[in-house]
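Dropping a structure here in structure tokens format, bear with me for questions.
Going in written order, the chains are labelled A, B and C, and every chain counts its residues from 1.
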Amino acid sequence: MTGLSATDIRVRFGAMLALDGVSIAIPPGGTLGLVGESGSGKSTLGRALLRLHDLAGGKIMLDGEDVTRASGARLKNYRRQVQIVFQDPSASLDPRMNVARAIEQGMRLRGERDPAALGRLLDTVGLSRTVASRLPHELSGGQRQRVAIARALAVRPSIIVLDEVTSALDVSVQALVLNLLRDLQAELRLSYLFISHNMAAVRAMSDEVAVMYRGKLVEQGHADSFFAAPSHPYSRSLLEAVPRLRHLREPPASAPGPFGPG
Amino acid sequence: MTGRLNLASLLAGIGAILLLATALVAPALFSDTVSRMDVAAAGTGPSAEHWFGTDDLGRDVFARTLAATQLSLGLALAATAIRVVLGVAIGMWLSLSGSLARAIGTRIIDTALSFPAILIAIVITTIVGPSIEGAVLGVGLAGVPTYARLGYTMSSAIVGRDYVAAAKALGLGRIAILWRHVLPNIADTLAVSTATSLGLAIVEIASLSFLGLGVNPPAFDWGRMLIEGAEAIYVNPAAALGPAAAIALSGLIFSYLGEAIALWIQPMRSGSLVSRSDIDGAASAIAPLRLDAGEDAILLAENLSVAFPTEGSQTVAAVRNVGLSIGRGETVGLVGESGSGKTLTAMALAGLTGHPARVSSDRLLFTGEDLTAMSGALRERLLGTGLAVVFQDPSTSLNPALRIREQMTEAVRHHRGLSEEEASALALEQLGLVGITEPGRRLGQYPHEFSGGMRQRAMIAMGLMMRPALIVADEPTTALDVTVQAQILALLREANGRDGTAILMISHDLAVISQVCDRVLVMYGGRIVESGPVEQVIGDPAHPYTRALIGAIPDLDTPRGQRLVEIPGQPPVIGAFPRGCSFQERCPARQGACAASEPPQTEIGAGRVVACWLYAAPHAEPDAKSDTKSEAAA
Amino acid sequence: MTRGRPLSRFLFARLPFARFLLGKAAQIAAILFALVLLTFLMVKMIPGDAASRIAGPDADAAYLSQLRSELGLDRPFAVQLWNYVAGVARGDFGVSLATRQPVIELIRDRLPYTAALAGLALAFVVVVGFSFGLSVAIATRDDRLPWLDHGFTIVTGTLGAIPELLAGIFLGYVFAVSLGWLPISGAAGPGSVILPALAIGLRPALNLARVVRVEARRTLRADFIRTARSKRLPAWRIYLRHLAPNVVTAALTIAGLVFPFLIGGAVIVENIFAWPGLGTAIVRAVVTADYPVVQAIVVLLGMLVLVTNMIVDVLLAIADPRSTVRT
């Protein structure tokens, strides 16, 4: 079995069970879109997959190898294959590290010594080579997110967790980042876990879709069939609630959703 | 930045250097003078021979004060070293420990912190005995909890950042993370507080010496000299003056030195994003479109601009020459990206722009009355009863310390003079109308007892209390989940249908606006670039920006794998708006006229207006010096 | 809404508060025990032993052994600890080595003086710090009156850096020695407490004023103040009903943190003005190696701080509607 899969993941924050038995598999070379509202546990799942949270239970498998309890060199090796890009690039870049240092950190860990590699990586994510010496605050939001993507790519991962990567960006910049991610996927045969509360972005990016609600997975399936006919009532209310640009003024679901008024 | 090195910082720096020099040189320089007793002049005030007078043994106070610098400063340095090194080490170690160790460790530190430092110093002096060592150890160890707390708090904050998570994900080890990410990011704050702490340590050691628990004769520091001076304060106050001044001065020097370091560090941190190389100085040289809203306009603004003062007497425009009108019961959307000026426009219309903003307009009418020509009290009454605002984040827009009842009723009681019972009854009714169950119980609750969606319902109910003619809703659903968003949008539509309340809705999301509004205005770079009925603007956008924006936003109907339209570059930043059209740098249809001057508002159909040179009739090309009040484009 | 609520519901609603109080009490008991243990160890940790420190380097052996048995140093460690802890529990701190008077009597004489001094200083800090900081914040809102803003920063930054030691000497010199308005030393009537209380309270009051001003400025920019403005409420209502309650919480938190500093200041300032409190007693006891007195005063002042902190915590829990213990 290839790719990354997680079975029955549980994460506990104090008395609260943030993830309650979640199982997902990321299709190799494809994208699993993970949707849900705030507090549903979708970002926790993304971090748990990278072993950034302690697991209270469950199992993580990468290419048939159990990495749930991997430590030391095995954990490092695992983390080189699975990378993460966060929502807010201004928080996910060290304010005192320039672009070159931030990216080279990962390249050195991989054993890359070629000084030209940095330039090639900057080209890959569509950044001018002149930004190498800049600090994060000297870059725009879209540029920072490209740096964060380049930093993740520096260790040549096969899987990237994309945690709300466009939420902090201006709408006119989102498309650039989404297009870039799709190009990189085709070029580098990457697998994505695309976490977002934006249903339309998930629709545009994903081959498969999983829906989370209060720490549980309520539905998982092929993207086309999911968006055509979601089976779980929560998924339906979620889709119905999305304001449509091209279908104006459909009769609104003015009655409270199945889970009561927010 | 001229404020980077202010006078106080400069003086503090010079003072610190002089202090250090004195500490190094003075003891050798005055080695004889300090112990020479001039019995004839014992206990006298300042004179030409003894600048600060003499103590009761006839020793020169000035020489002794300078000579004591070495011991006072040295002891303070040693004590500070103890607290900073030990404290920060403990704090950083704790921040990387397991949760149980963290919980116990912080509890111990907090308890020690709530204990008077001088008692800790006294306990240590009791053990070691009143001596120099006791004073240094006492003052040093008494400050360890403070630094452990500081080190822990700062280190934990860094450890919790996303970039540390990213470094962990890359496979960096603990020490590498501490060394490369944590230390560089806390070093500056640490330097600031070390300087300040040095000043405090000088005072604390002097205090111990003054109590007889520190330096003892024949050695002397400032505190010890102060004892001798204070005892004779009736007869010879000058003897206390020297050491007291030295303590006060050095304390001040180090506390301002701390602030100087902080000031010096700050600009490196935040940096300035705005390059102001090409500020559009000729913002207002444009003819506004004459808006003919007729009798039923409840809000009419002509040539509305909002500017911010910059260094010197210049201003930077954030909203430029906006004209808009809202009819009675009409729903209007204002869409734009961050920095487009949409929220500022709305706040200027509602008279709620904060302090530095300067609002100007040719005309600003609300329910037919001229707001600019009205007395303050009248305007407050008119807006207080006629206009309600719903803000973006309901969790911060309600006062956490007051019950919902008071927040809902205070305005009607003030403006309409309703009694408490009448106002409560009205609030009960309004809460029910926005779909809050058990409104009676809810009225007695605090905002934190409401969910996010309920808070925004309560905000809307609060706005409707006065039956306003207009609700300004500033990104009312941005902070909410999508299912709650749908309910809030439905509520706004409901209020519009039921009471005929007009709505001005601000959003970055065209789809959200299309759910509520009849008409939409698109803002970019502080200007309205296109406006018209929602269906027409979305179905057939005219301005290249609107067109690109609609293509760039994925929609649930966008087929999977379809490439989104890319808009190159970034939206312009306030203060760096280009001359001419704001969108020219990113525009695929750019032409020569775009950079030369601002495109005029051109009518391209019933109720549709666009500001783009593609649509401008040749004769409408404005003269750059035309009067702002001309009606050329009407 | 509270009328006619069934008793069971009432009790249930009050339960978190009772649990909160109990938890606080348990916490105090634990810290108090640690404090008692610490003072015991303090005497144990004296290099050589306490008896030889007291007797001095050239005391004869008979005197030393008599002193040892008097201090209980000849008994096993566990017995010594037990006797000490049991004694403290009974309120018995032993006998002063210097005066032969039971330590508890000395405490009884002096505690009221220190409590009065610290209490007065605390009242001064809270009242002056809060009103000063709040009114300057309101007066300088939206960058108004820049001269007041600068003046406030300079005054609080400079005067707020003057330590109790210097403030005491300066105040004493000006108001007692030069002007002769107030007594310079001792406790001769109610006027005597004014200068020491001012000397202790000045620095914390100015620092509290700074904190309150920063907090009030921050709160004035809060969204809910903008909401209140959007309702066009009168200015007094915005400042007193919307601003002040949100600053009180911060001010109370600081006031709780300030109390240990006031106690520390009292120890120093009492010695300047010869105020007959615990501060003068503990310093004399340290110098004369009168360990039972040092132990007792450390425990008692520690307790004073603990109890004050608990009162502040309870007040905070009541003042802050977000606190879970409130009903």
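Points to keep in mind about this one:
We adopt the following convention: a residue touches a chain if its C-beta (ideal position, glycine included) is under 8 Å from a C-beta of that chain, and two chains touch if they have at least 3 such contacts.
This is a predicted model, so every value here is computed, not measured.
Think of each touching pair as a link: the shortest run of links from chain A to chain C has 2 of them. Taking the mean Cα position of each chain as its centre, A sits at the greatest distance from chain C.
Measuring from the average of all protein CA coordinates, the nearest chain centre is that of B. Inter-chain spacing, taken between the CA centroids of chain A and chain C, is 51 Å. Centre-to-centre spacing of chain B and chain C amounts to 33 Å, using the average Cα coordinate of each chain. The residues of chain A lying in touch with chain B in their complex are 37-38, 47, 50, 52, 75-77, 79-80, 82-84, 86, 88, 91-97, 105-106, 109, 135, 137-138, 140-142, 148, 151-152, 154-155, 170-176, 178-179, 182, 197-201, 203-207, 223-224, 227, 237-249, 252-254, 256-257, 259, 261-262. In the complex of the two chains, the chain B residues touching chain A come out as 161-163, 165-172, 180-181, 184-185, 269-271, 273, 337-338, 435-437, 451-454, 457, 480-487, 489-490, 493-494, 508-512, 514-515, 534-535, 538, 548-558, 560-568, 570-571, 586.
Across the complex, chain C is touched by residues 111, 113-119, 122-123, 125-130, 199, 203, 206-207, 210-213, 223, 226, 230, 233-234, 237, 240, 244, 247-248, 251-252, 255-256, 259, 350, 352, 354-356, 380-381, 383-384, 388-389, 391-393, 396-403, 406, 410-411, 414-415, 440-441, 444, 446, 448, 459 of chain B.
Put simply, chain C touches chain B in their complex at residues 1, 31, 34, 38-39, 42-43, 45-47, 53, 141-144, 157-158, 161-166, 169-170, 172-173, 177, 221-224, 226-234, 237, 241-242, 245-246, 249, 257, 260-261, 263-264, 267-268, 271-272, 282-283, 286-287, 291, 294, 298, 301-302, 305-306, 309, 320-322.
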